[in-house]
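There's a structure below that I have some questions on.
Labels run A, B, C and D following the written order; every chain starts at residue 1.
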Amino acid sequence: MKKFQFICDYSEGAHPAILQRLAETNMCQTVGYGEDEFCDSARKAIAKRLGREDLDIHFLVGGTQTNATVISSILKPYQGVVCADCGHINVHETGAIEHLGHKVLALPSLSSKITPEQVDACFADHYGDANHEHMVQPGMLYLSLPTELGMLYSQAELKAFRAVCDKWKAPLYIDGARLGYGLVSPFCDLRIEDLPDIADLFYIGGTKQGALFGEALVIVNPALRKCFRYHIKQNGGMLAKGRLLGIQFGTLFTDDLYFRISESAVNKAFRIRDAFRAAGFEMLSDSPTNQQFPILPDSLLPRFAERFGFEFWQRAGEGLSAVRFCTSWATTDEAVEALVSFIAEIADKK
Amino acid sequence: MKKFQFICDYSEGAHPAILQRLAETNMCQTVGYGEDEFCDSARKAIAKRLGREDLDIHFLVGGTQTNATVISSILKPYQGVVCADCGHINVHETGAIEHLGHKVLALPSLSSKITPEQVDACFADHYGDANHEHMVQPGMLYLSLPTELGMLYSQAELKAFRAVCDKWKAPLYIDGARLGYGLVSPFCDLRIEDLPDIADLFYIGGTKQGALFGEALVIVNPALRKCFRYHIKQNGGMLAKGRLLGIQFGTLFTDDLYFRISESAVNKAFRIRDAFRAAGFEMLSDSPTNQQFPILPDSLLPRFAERFGFEFWQRAGEGLSAVRFCTSWATTDEAVEALVSFIAEIADKK
Amino acid sequence: MKKFQFICDYSEGAHPAILQRLAETNMCQTVGYGEDEFCDSARKAIAKRLGREDLDIHFLVGGTQTNATVISSILKPYQGVVCADCGHINVHETGAIEHLGHKVLALPSLSSKITPEQVDACFADHYGDANHEHMVQPGMLYLSLPTELGMLYSQAELKAFRAVCDKWKAPLYIDGARLGYGLVSPFCDLRIEDLPDIADLFYIGGTKQGALFGEALVIVNPALRKCFRYHIKQNGGMLAKGRLLGIQFGTLFTDDLYFRISESAVNKAFRIRDAFRAAGFEMLSDSPTNQQFPILPDSLLPRFAERFGFEFWQRAGEGLSAVRFCTSWATTDEAVEALVSFIAEIADKK
Amino acid sequence: MKKFQFICDYSEGAHPAILQRLAETNMCQTVGYGEDEFCDSARKAIAKRLGREDLDIHFLVGGTQTNATVISSILKPYQGVVCADCGHINVHETGAIEHLGHKVLALPSLSSKITPEQVDACFADHYGDANHEHMVQPGMLYLSLPTELGMLYSQAELKAFRAVCDKWKAPLYIDGARLGYGLVSPFCDLRIEDLPDIADLFYIGGTKQGALFGEALVIVNPALRKCFRYHIKQNGGMLAKGRLLGIQFGTLFTDDLYFRISESAVNKAFRIRDAFRAAGFEMLSDSPTNQQFPILPDSLLPRFAERFGFEFWQRAGEGLSAVRFCTSWATTDEAVEALVSFIAEIADKK
């Protein structure tokens, strides 16, 4: 019997429109390193969609690379980056931030989210200590949107983070590895064009959103743009054939393909979520995006695993595991239906 | 009225015997960088006191420098150091470990101590994760002895840490900034000569134990000795007039001065602790060493501060502060008596 | 009039066979991070071509990233990497090696090559100095093959480098960004299957050899393999859709496509070289590979630039510039003929 | 027969006035980390001598530490420090600059000096290259005064360096490990009070100038002062008993002791230089300061070495060695006379 993958949102190649565009442009000759016309055109398309002209946009290959390059470009040697304890940079990037010299100042999160009040207190505590130069100075804020558990911050929350960052003169950076899946969610009150007012910089994820690879970094704050291409090159993130990134993002930002891809994936994720809930399973988080985290009895895991790929996430009590099911542009209706039926079947037998 | 300092154990210069020895040797000509006869002789005296000949002993100037040099000399780029969340390297060294590229893997502590079980779980969790290469690998263990709240680990606890480290092939390093104050405590079942069997490396603190400055690093494990002098030099820790460290440690390890200094300080600390307890004050930790952490009502702090120097440590509930009183070789009976009387007086008025 | 690019060997997309294979496999579902079947199969194909089974092969995205990851994975903090002063890591990687903490120990080169004697002297000088711990210890050797000026080392030279490295117990690493163009040269007495006997590790370049991107790192020496995937991830080089690298290298190593591409490019480069020589121009180096460096009067540069893309390399005397013309899999006969005719025409008018 | 040391200027302890002052202040209680009254007072004394009030002065323990802390506090990750190829940071600090992430951009020196024109060209070349973001950006200038061969830069030269640095907006930093020996030289047209007009920051060496240890860093440029104490602490340079540095520099800057020490040493160095010259020996450099570098036949080295300590510096032709003789505050007339007689005796026998 056919096995369907929900293990992540990067199990296949690229959206067909991207592959086709790569083929069409294959023999065009361009200069390297992202200074070609495809990149220029993609930068313009993104800026237009963001409703702003004065943006500095760079294309990098992957998320860990983008995070490490951005964060180390901003912080002074004695500064750290504030983030949620479950933040990707704190857990799943092999210490890339520390590798480049900076402490991650992790705050305890609730369902993967932190609050503006926590961030404010982190700065206040630091400067309140008489010996603060013996401690790492908080230097910027990192937020994931959606978070690692698929959660969203509201406009109001984000504006409050912005106010805290303004108060302490600290840049706010948003990791948008799955940005599209967040923005299209019916539970999201944020539009992509709001982001330049909230974040000093953010990246629009491509890898998990239908590209072969690639992330589009948007630097809003002019003070953070200086010599950024040196940082990219030094950190090994400057693709020789930079055009590949321009071609991909140009395609994603033509006719809102980026958002159409996301919407379809989120709808499928909701069908899966609803099926789990209908079958009486709890969810680890109330995720309104393309990642869903049902809590399953360990005894059921092998049966699920026979038919479907998914990822173990964490223990969730005696005999219970939270697991992750992801959807993407490549998730088929056939796969969703197979999963939904299987869940219902399981529920009946309980 | 005279004000007495208990703010730390490094408020004065050096023990008079050290100053005298520096004066006596001042015009001797030696080679630099710790390769002189005074250093050799101090190394021999320490090795003798440790009951072992096969030790590699280096002198460094300060604790942060020693910790950063040792830890970065051991870890691979992708490894981190396991320690208590309140560990000095995690809190009060301005991120020196991260500055050199490594994450501090902080474990929650109870009264500043962690357990061998926690450390074992930290390693097991790492290797148990299928994607462990996406996470920082625990590479060694850092313990403070005494801890940041003046607490001690027992022989049994230390042997259990040793066993965990052996199990995971991870070096065990002990920060002994206040080692003497721990070893002489009546609550300590450890002798200095036990340390080489427990730790792969440890340092014997001088700065807080009567020297002008200086820490004696003992590398027990031959595998960790290679080219260590390069590490010291590269990290700015190789004193040109290295002899100064040899002279100081030579003096401290003549006639057990190091231990006599410590014993006197701990006895004085106990008189202070007893006075606080007799007056009905709680202590933040049950410290058996030269640092004592009474919990005082905020309203009393200004009155104490008029007469005595001490350090604010942390909030300890509504209207309560934990503060630190330290003793050292330089603490006078007069100072202790003044404090003890003052505490009793305060208590009477309550 | 049509303009032809010879500016570099990465002006176009990918060899058509690669694009086709990407399209064919696009909807296959695989796990991420290079642990999929396409990568496995590519690793096997490369190992087979190298005639060895016991090799550790990793795929990375780009050359700077590969060099920095490899070199920083090998060196101790106090060690540096020995290389030619014109070495790519010393000049054109924005200090990526230093960024990760290591000095590049640059040796003066002749026509971009260094000698085994120079390397031997570098090690001998270091250890011969009484205060060698005050200096960076040479820790490994980096060679480019072909070099930055398109030159080759002979079997004999490489064996002598190997002997020097064995003498000083230092790993030998070869940067093969353009390895294929070197191996197919009629002036090369080395076969790809000789490399594992010479180098501790080397990479087979893809970016400049017909792939969209990607480099295949071969770790021969088992001692250098440990936890290498952590290094890749930490340095931002672990592609989520790692399969893309497997698919590309699998294609390049099917039916020796890698070598056929290289051969065609080198033949075209020779036609260009011969034309320049016939026209009486000197060459900066006697390059037997796909990069050619004619020395042109500055007055001719604008005329060349109207018709052809090429890169300024360096001043080469009063009024003279050395420039670079590159060929690749994508260079057409039409382009070569246009250039050859143009050179002849220029010569006639001189 | 008594052997006299000329091997370096840090063979003894401290100038007696310093030791005495340490003894007098030993039991004073102060706060730690350089915020005590002794440090304040020393800062005032230095500022007064420099004729400027608006200076930021910090005390660090050693030269390598000071250089690494300063340089890494200034440079962006992609920047390097320009210096002479024989600069201390390039040769004798075990790559401490690279360890903290930055390339040393070494310029060829003549008799240990570089020129403003070379520095200007270094910046111009960088920005002149179309792909400059692929190269390390020169970010500041490091000069030693005196240089590693005891040489001096003139006012005019220093002003020209200043102008180049202004042109490229790059800080100018002077390593004054032996500053006093330079300033008192009859060949020096610079006064210490000129330094704040020339350098953005510089340090006044103590270790080699009569202190037990310690360097006084003067930050002139307000833009470079921000959070500097964090840098010191993070790099392990913040002495717990910071008072020791204040006491020493306070003493050195009382009644111009610093300059009197230097003058005496330079006079003695000149007697030695004159003796070598009178005896017909060449000097490696025309040093007008306390380090002298005679070139001796290798055959004479053992005879010198029987009676005097000196340091081998470098080969200086077939059968010839350049060696270094240093004087300091501790060099006795007896020692100088013994050496001068010995040289004359050698010369007679030639």
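Rule of thumb we're sticking to: contacts are C-beta pairs under 8 Å (C-beta built on N, C-alpha and C of every residue); 3 or more make two chains touch, one makes a residue touch a chain.
What you are looking at is a predicted structure, and each value in this text was computed from that prediction instead of being measured.
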The chain pair with the larger count of contacting C-beta pairs, comparing B-D against B-C, is B-D
Max Cα-centre separation from subunit B goes to chain C
Whole-angstrom distance, CA centroid of subunit B to CA centroid of subunit C, is 51
Here the gap between subunit A and subunit B, centre to centre from mean Cα coordinates and rounded to Å, is 42
Whole-angstrom distance, CA centroid of subunit B to CA centroid of subunit D, is 34
Residues in subunit B with touches to at least two other chains are numbered 77-78, 93-95, 99-101, 131, 133-134, 230, 233-234
Within the complex, subunit D is touched by subunit A residues 33, 72-73, 76-78, 100-101, 131, 133-134, 137, 227, 229-234
Within the complex, subunit A is touched by subunit C residues 5, 7-8, 10-14, 16, 19, 22-23, 25-32, 61-65, 68-69, 93-96, 99-100, 207-208, 212-213, 230, 233-241, 243-244, 309, 330
Touching subunit A in the complex, subunit B uses residues 77-78, 80, 91-95, 98-104, 130-131, 133-136, 312
